[in-house]
Structure formats: C-alpha cells, structure tokens
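There's a structure below that I have some questions on.
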Amino acid sequence: MKNFQWPVRVYYEDTDAGGVVYYANYLKFYERARTERLRALGFEQDRLRRDTGLVFAVRSVQVDYLRPALFNDELLVSAEVRNLKRASVEFNQEITRCRFDSEPELLSRAVVRIVSLDIETFTPITIPDAIRERMNDDC
Amino acid sequence: MKNFQWPVRVYYEDTDAGGVVYYANYLKFYERARTERLRALGFEQDRLRRDTGLVFAVRSVQVDYLRPALFNDELLVSAEVRNLKRASVEFNQEITRCRFDSEPELLSRAVVRIVSLDIETFTPITIPDAIRERMNDDC
Amino acid sequence: MKNFQWPVRVYYEDTDAGGVVYYANYLKFYERARTERLRALGFEQDRLRRDTGLVFAVRSVQVDYLRPALFNDELLVSAEVRNLKRASVEFNQEITRCRFDSEPELLSRAVVRIVSLDIETFTPITIPDAIRERMNDDC
Amino acid sequence: MKNFQWPVRVYYEDTDAGGVVYYANYLKFYERARTERLRALGFEQDRLRRDTGLVFAVRSVQVDYLRPALFNDELLVSAEVRNLKRASVEFNQEITRCRFDSEPELLSRAVVRIVSLDIETFTPITIPDAIRERMNDDC
C-alpha cells in the first residue's frame, strides 16, 4: 500500500476568478486523500468517532504551490504516513497532474500534522493500537 | 426593521474560473443575511440550539440568477420574513450590487423555506412564541 | 445513456456544524453530475470555451431537501436533460443515498436551468448542433 | 496602519461536522484580511490586474491550528507585511477570538508567501514601486 494515490477531478467549484484552483481548495484535495488512505487501511472515521470517541484534527499544515491546477484537470493526490507518534501522525502529500500526452507534473507538496483528540474534551488521546500498527506498516 | 440588508464583499474564495461568483456561493450569501436577520431580531442560533434543542434547516430553495456578481463587488443581501407557520417560515431574499457611481442592480432573487427541527430527532417542532412574535412583526 | 448517475462521496469539507451536508454544497454535487453528463456525451467544457467561446451558466435552480446527507455517505447524482431549447436546457436531477444493507433513499431533487452564453459578451448564443443532437437523444 | 485587523464572523458555511471551522476555511479568512490590508493601503486587486496585468498568487503557506473556531464566533484576522522582496512578500497572520466577557484567545497563526505574477505568462514580475513603498512603511 505504498504509493497510495487518490484521483481528483477539478470542477468549477474548485477554481477562482484567477482561472486556477483556489489555494484553500488544495487542502480539501489533500484531506480527501488522507480520508481514503485511512479507509484503505480499514478505518472509517465516522465509526471510529461513534465507537471510540476519537477524531483526527489538523494541528499544522505546510503547503508549497508550485504550478497552478486548472479546471478539468485530472489530479493524483498522495498521502504517505510519516512520524507516527502516540497521539499524532504526519502525512507527506503531493498533488500531481496527469495528462495522457505528457509527463506527470508536480503541482503542490504538503506536510500535514494530525492529532488524535477526544471528541468530548478536545484533548489528545492515544491512537488505538490497531490503527497505529497498520499505519506503521505504511511508514 | 423592514428592509433589512446585510453587506457582503466578494473575495476570490467566492468566484470561479468563469470570472464570476460561483452559483452555489450565492446560497452562502443568502444564509449570512438570514443569520444576521435572526440576530437583529434578538436570536443567536447557537444559544437556541443549546437551550431549546432547536435548529433551522432549509427545506427548499428557488434561486434566479439575473446578472453575475464579480470579484471585489459590494453586495447587499435582503432577508424578508414571509409565510410564517407553526414549524416553518419562508424568506424572500434579493442580492443587489451597489456602485457609488451608478444605480443599484438586482443580481439574484431567492425564496428559501426553512423548517424548525429538533436537533436529536430531526423532526419538526413548533417555533417558540418569542421568535414567532418578532418574526410576525417583520411580515 | 438514460439513467446517468455520478457517484459522490461526502467528506468533511461538505458538512457543517449541524452534522449534515451544508445546503449550498448540494449544488456542487449537482454540478459535478452535469459536468460528467456532458463529458459522457463527448463534450469538454474547457475545449468548448476555447474553441467556440461558449460557456454554460446557471439561470435558475429549484432544490428540495428531503433528508440530510451525512459525512462518509456514498451518494448517486443523476442529471437528466429536459426542455432543450435554442440557447437553454433544463436538467432534472436527484441525489440518492446508497447503503449496501438497505434500499436507496432519495435525499434531494433539483431542476436546474442552464443558458448558453458568449464568454465575451455574456449574452445568450445558440447551443451548437452537435451538442443539441446528443442532448436530444437524451431527452 | 500597524496592527491591522479584519473582523470575521463564523457562519454555518465555515464549519464542519466536527462542530468547528473546517481547516481549509481558515485560509479564506486569512485571504480576506490580506485583501483588506491591500485595500487599506490604497490598492484594489481588480484594478491592478486590469491596469498592470499583475496578480498576486500564493507560493506557500504555513498554518498552525492552536484552538478551534466555532459557529457564531467573532474573529479578528491580522495581516502584517514581512520580507518584502522584488517580486514577493510574506504576510505574518493571526486569528484571534474575541468575547466580550473574556480575554482574546489566539486560535491560529500563519506565514503566507505571495508572489507577484504576470497574468498572461504566470511568470514573476516586479511589484510596482507605489505598492512596494506603502508596504515598506508597513514592515
């Protein structure tokens, strides 16, 4: 499950009057890929929340915008697990544009730090072993 | 409190690659005006929810798009109460563009039907008398 | 190509603090399905715009919200062509929730009227015959 | 014009099913404050674009999320100019929550690097002297 990539199509909703994808919307694409990464590892966040009171929250993001994504582009978004700790984990992520007639182009890179929180108290709680182990295999 | 209008500035976040405000985002502007209309009547939706378990949900919208709103435009959004019933209310709304050197232009019109729901069961509940009375003065 | 349906997964970006999909975001889902419907008919909107100066703009929407869509839901969005005219077309659309262990549930219905505009003048222009014909087969 | 702050009210559109402001939407708040900062310095981005072919694009962001913003919160967003260069500038930004009955709380911090681009070629161009000078006074 290395090299996990999630496809994203760019619609009008994602773009702005500059003719490119609006800078905040890359964070949506990055999160879709993380959500699908967790799903591929066997975890549904709504069930996690209901069963264990755990939610994942973003603590920090660092995003580089290298080339603009455009309306109708087909993108691939990666989500690689890094720095797995007791109550936090980092994802290294990239957005690449795919065109059938040319090389893939790297459009953006991000490092996203996630913490594991108790839904009631919003304080950090330990990531359950079952999740940690599968994430670990991914590092 | 007739003729309530709420000012909205158009930012890049609101526009799309067509160079105009994205059609779904007019619904955000319409909701900001309804929220501020309720606040002007003396009601805070977070307190309502906490104290009485009541949330307002949209049951239907009918929106006409007459002229496009553009980046940097200054808009005025109205929110007039209509058809107040036991567990629902309609808002008649308009979005107008203001330019200091010309007449106001009507850009969009909407009718939005809101229902009053119990936050736990998602079933309709009676709008509290205190709210109903102040809304009634507004009709 | 009757019964065209486009799958949409609900992510956190689509929801609001009421715990359900935010009412404006249904319009994003509806538009994704229309875009994919046109693509399935053989038309790419960026190429249309570049080659013929034509853009499709929404003139009106009528949306009913019947049941709320939730985080992680898998939805199907339909986009049926109706009332094809010289410079406008209507889409009848529905959003249905699919769960492997139960019947599909209808969550929302919409009628969306689209006009065909000249990108420079924002005035109506005739929908090209090639598009009209394939849409016609769809009615 | 030190200590520039722009007020932002949190609406349902900004929140997610976690009950807090969605992490991508902080970037919208940060951009509103930068746009208003430029306006306060005397520059309208639509006019800049029309008259000089210049657009500002985000090259990188670094955001820390310290405490969640909630529905109905009143926020203040700062936008301080830093590291003004020939074709780029950095903004140091903060989001603070204001409550009339308590101390302001710092919710988020960001460093946003902006580049000045030619709208046609998307290549860097020198920030005009008039803008540079007024930004300089701000550093």
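Think of it as A, B, C and D in the order they're written, each chain with its own count starting at 1.
Note that in this section a contact is a pair of C-beta atoms (placed from the backbone, for glycine too) under 8 Å apart; a residue touches a chain by one contact, two chains touch by 3 or more.
Since we're looking at a predicted model, the values are computed, not measured.
*Asks:* If you tally the C-beta contacts, which comes out ahead, B-D or A-D?
*Replies:* Here the pair linked by more C-beta pairs in contact is A-D.
*Asks:* Taking mean CA positions as centres, which chain lies farthest from chain B?
*Replies:* When every chain centre is compared against chain B, the largest gap points to A.
*Asks:* Rounded to the nearest whole Å, what is the centre-to-centre distance of chain A and chain D, using the mean of the C-alpha atoms as each centre?
*Replies:* 24
*Asks:* Could you tell me the distance, in whole angstrom, between the mean C-alpha positions of chain C and chain D?
*Replies:* Whole-Å distance between the two chain centres: 33.
*Asks:* Quick one: chain B and chain D, Cα centre-to-centre, how many Å?
*Replies:* About 27 Å separates the centre of chain B from that of chain D.
*Asks:* Listing for chain B: what residues touch at least two other chains?
*Replies:* 12-13, 18, 20, 24, 28, 31, 70-71
*Asks:* In the complex formed with chain B, which residues of chain C make contact?
*Replies:* Listed in rising order, the residues are 18, 20, 23-25, 27-28, 31, 55, 57-65, 68, 122.
*Asks:* Which part of chain D faces chain C closely enough to touch in the complex?
*Replies:* Against chain C, chain D makes touches at 12-13, 15-20, 22, 24, 70-71.
*Asks:* Okay, in this complex, where on chain D does chain B touch?
*Replies:* Chain D residues touching chain B: 9, 11-13, 28, 31-32, 35, 44-46, 70-72.
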